[in-house]
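Structure in structure tokens, see below.
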Amino acid sequence: MIERARSIVERSDTPAGRRFDLFIQLLIVASVLAFSLATLPDLDDEVRVWLKAFDDVILVIFTVEYLLRLGLAEKKLKFVFSFFGLIDLIAILPFYLSTGMDLRSARACRLLRLFKLLRFSPALQRYHRALGLVKNELVIFVSTTLLLLYLSAVGIYYFESEAQPEAFGSVFHSLWWAVVTLTTVGYGDIVPVTPGGRVFTFIVTMIGLAIVAMPAGLLASALSEARRLEREEREQLEAGDASAQT
Amino acid sequence: MIERARSIVERSDTPAGRRFDLFIQLLIVASVLAFSLATLPDLDDEVRVWLKAFDDVILVIFTVEYLLRLGLAEKKLKFVFSFFGLIDLIAILPFYLSTGMDLRSARACRLLRLFKLLRFSPALQRYHRALGLVKNELVIFVSTTLLLLYLSAVGIYYFESEAQPEAFGSVFHSLWWAVVTLTTVGYGDIVPVTPGGRVFTFIVTMIGLAIVAMPAGLLASALSEARRLEREEREQLEAGDASAQT
Amino acid sequence: MIERARSIVERSDTPAGRRFDLFIQLLIVASVLAFSLATLPDLDDEVRVWLKAFDDVILVIFTVEYLLRLGLAEKKLKFVFSFFGLIDLIAILPFYLSTGMDLRSARACRLLRLFKLLRFSPALQRYHRALGLVKNELVIFVSTTLLLLYLSAVGIYYFESEAQPEAFGSVFHSLWWAVVTLTTVGYGDIVPVTPGGRVFTFIVTMIGLAIVAMPAGLLASALSEARRLEREEREQLEAGDASAQT
Amino acid sequence: MIERARSIVERSDTPAGRRFDLFIQLLIVASVLAFSLATLPDLDDEVRVWLKAFDDVILVIFTVEYLLRLGLAEKKLKFVFSFFGLIDLIAILPFYLSTGMDLRSARACRLLRLFKLLRFSPALQRYHRALGLVKNELVIFVSTTLLLLYLSAVGIYYFESEAQPEAFGSVFHSLWWAVVTLTTVGYGDIVPVTPGGRVFTFIVTMIGLAIVAMPAGLLASALSEARRLEREEREQLEAGDASAQT
């Protein structure tokens, strides 16, 4: 009996388990949509009532699901303090505690449920391998990016703070400019106007483009390397099988 | 007789077929240009009349072409429900039905004809192969991008909705900000102003840059891998030919 | 005597030829700088006179250089109609013809001289090879980009032209939006405001990012392939030398 | 005694040396944070006093550190004129000379201390190797980018200077537009409005995207090549060890 329940709730390689997973994931997406709809400012009162009711139903289902998982887990404490165990708890807990708390932050927490959707993706393995291959380079680039952001902010503060005391009021204001510029988002809310600041922007973006865009390139080439390694391993396995058969 | 007509209309590897294809493709481009010109607001009335007349002529030719293709097709139903059969029909049908319908959407459909231009491109094959190589990774990245977009929208809504109730009015308004920011388009129509929102933007763009720019890198490296595979196959074929000759 | 002159003017692998080349290239940069300075609106009259005089001196030198090259060329017609022969002529001709012509376009032509700077760069060879490797893919991507730009423009025109008749006045106005958005420049001068237009923008940028950013990735991986091919050829050559010596 | 001090101050592979390094690096970050906080315009006077005091303490420590390094260095002159020796000096010198100088530029210099954080990073070696592999290509692309920037600026000046004499006042104003556009930052402070200027922008960005984004792609593929070379060398070394043992 418990074995049967476990095969449904805990495993996703049985037909019933797959259907259970799909049901929960659809509920997560539905609850997230309901949460998003509820933030619309010009919403009908009747709709708001329905959304609230839907929210309550989902809350009950998620609570039952959490208790089921807890009850079926062989090591209960390990489940409670596992990543998804904590997310599941955070997603339902606030509604039982929320007498005096800020409800809003509780709602935001519930979104972490979405990560469940990625829980069983098999293709993530290759991605993990690629991340492992370029971990050291990524650390270098993230630190270089942070350093470059800071130096850019100080540089532009030096050039622009007198001409635009409002926009480039401090190094922290300038950091916002550095983020917006070096990621090439370029909102245009803060723009250098002095010749010095513009020449500085040119130099910084030229260097920055090569550094900020690097992680994507690194991961892309690491992924094709991970694919190659997988193929090689498969071939070795097959070669081993073939020689074992002869 | 029918064989001759088929070699012109259906095939593109005969001289006459090639000329027929080129003629139709030029007409498609011309009809699209005429459609575009007709949207100009300050157009001369005389020009508008000419464009209308040109439109009618093209419609007649495309109708004749459709009937020809239909008459020559061996399996008529298969042609009617094939991708390009449907596009060809959608492109001419509205003009015969458009008594009460919205003409505008009909015109937009006609543009699908442009896809015909890519119908016979031989270099697309390598692109298809590359897509096949990285299909799984692309699915991962598209889902991660969607998830990241949504979480970014909720996060910025949390930080900015009080300071800018107009621009960040709901999670859906914030989604627009997330799209514009994570693609690094950065129109600047909605910009975070609170310190929390700006720090959040920094973190989200740093993560987002690596994820959003990945598909291009993936496809690029997959294309060079597809090119390598092609070369290997060609070499194996040549090696096979050489050993067959000896 | 003519041989000596040729070794200076036409070749860049002799010490004198190298110095001559460097002198001409410095003059090109100087003339370009002078041209740029002359466009400054709040320039002193005296400075303007000096710039004009400097311009005249450079013109004389470039004319002498052109006549020298023409006189020393073995096949005079071939030189006149070669790429750099034509650029050299275009750069000096307008000043002798410019009685009634628009002087401005003449000045713009002179800038083509800058291409001379790249004339003898040896590292360009690898770049040419890489271009050759991915030529077909580049053609595909450029056509797909053009098609995508056009379809995006029509789509956004369909969604936004009623809400913003000024900004999205015709398909051609919308094309400007498509260019600014799909290249992720995102000036923010034209921005979709309707929900339909924004969802459309999201879909189009998601597809567009993968396509528009591809050429850079393609060229980058082709360059590393070209480098690999070069190394292999060098190794084969060395292996050939080694076996010849034994 | 001196040996003991050297192992702490100069080396970072001893436990004591590591702790000394960490202490100095934390101080650098702290001094940089203090400098940034001091630029905030609406800062409390009391806080400002504390920041000033903290600044003085750090200055004393850095001075002691500099004198220690100088005293322990075997070749004193070499240390004084080394890159980090000069940075260390520049970081403390201004405070002893700053009777009449501009204090601000002195503060900016102090930030170079941050580079010390990267001094001992071992993963930088692979990055250097990758840079060496693509040095020539990078030079080509930087020159091409500069040339493209200049030609774009002249082109847009030609198209837009009459329509917008303020924004595109000279080639130098247009250069700012070219930088903002070709890096795809796209602030939107200067935007072409004439049809000619917009078509020109389209062509230039299409070419520019492929060129400006190249360095990141080049470096990414060079890094994966450097990783491959490292692995090969390691394997050769291991093979050498194995054959030596037999």
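Going by the order they are written in, the chains are A, B, C and D; count residues from 1 in each one.
Definition applied: a residue touches a chain if its C-beta (ideal position, glycine included) is under 8 Å from a C-beta of that chain, and two chains touch if they have at least 3 such contacts.
Because the structure is a prediction, the values reported are computed rather than measured.
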| item | value |
| --- | --- |
| Angular offset of chain A relative to chain D [C-alpha, multiple of 5 degrees] | 90 |
| Reference interface C-D: repeating pair among B-D, A-C or A-D with over half of contacts shared | A-D |
| Numbering shared by both copies at the chain B-chain A contact, with half separating same from different | different |
| Intercentroid distance (Cα basis), chain C paired with chain B, Å | 29 |
| Approximate Å spacing (C-alpha centroids) for the pair chain A, chain C | 41 |
| Set of chain C residues in contact with two or more other chains | 172, 184-188, 212-213, 216-217, 220-221 |
| Chain A-facing residues of chain C, complex | 184-188, 217, 220 |
| Touching residues on chain B, where the partner in the complex is chain C | 32, 35-36, 39-41, 104-105, 108, 111, 114-115, 117-118, 121, 123-124, 126-127, 142, 145, 172, 176, 179-180, 183-189, 212-213, 215-217, 219-221, 223-224, 227 |
| Chain C-touching residues of chain D, taken from the complex the two chains share | 133-134, 136-137, 139-140, 143-144, 147, 150-151, 154-155, 157-158, 161, 165, 169-172, 181, 184-188, 191, 195, 198, 201-202, 205-206, 209-214, 216-218, 220-222, 225 |
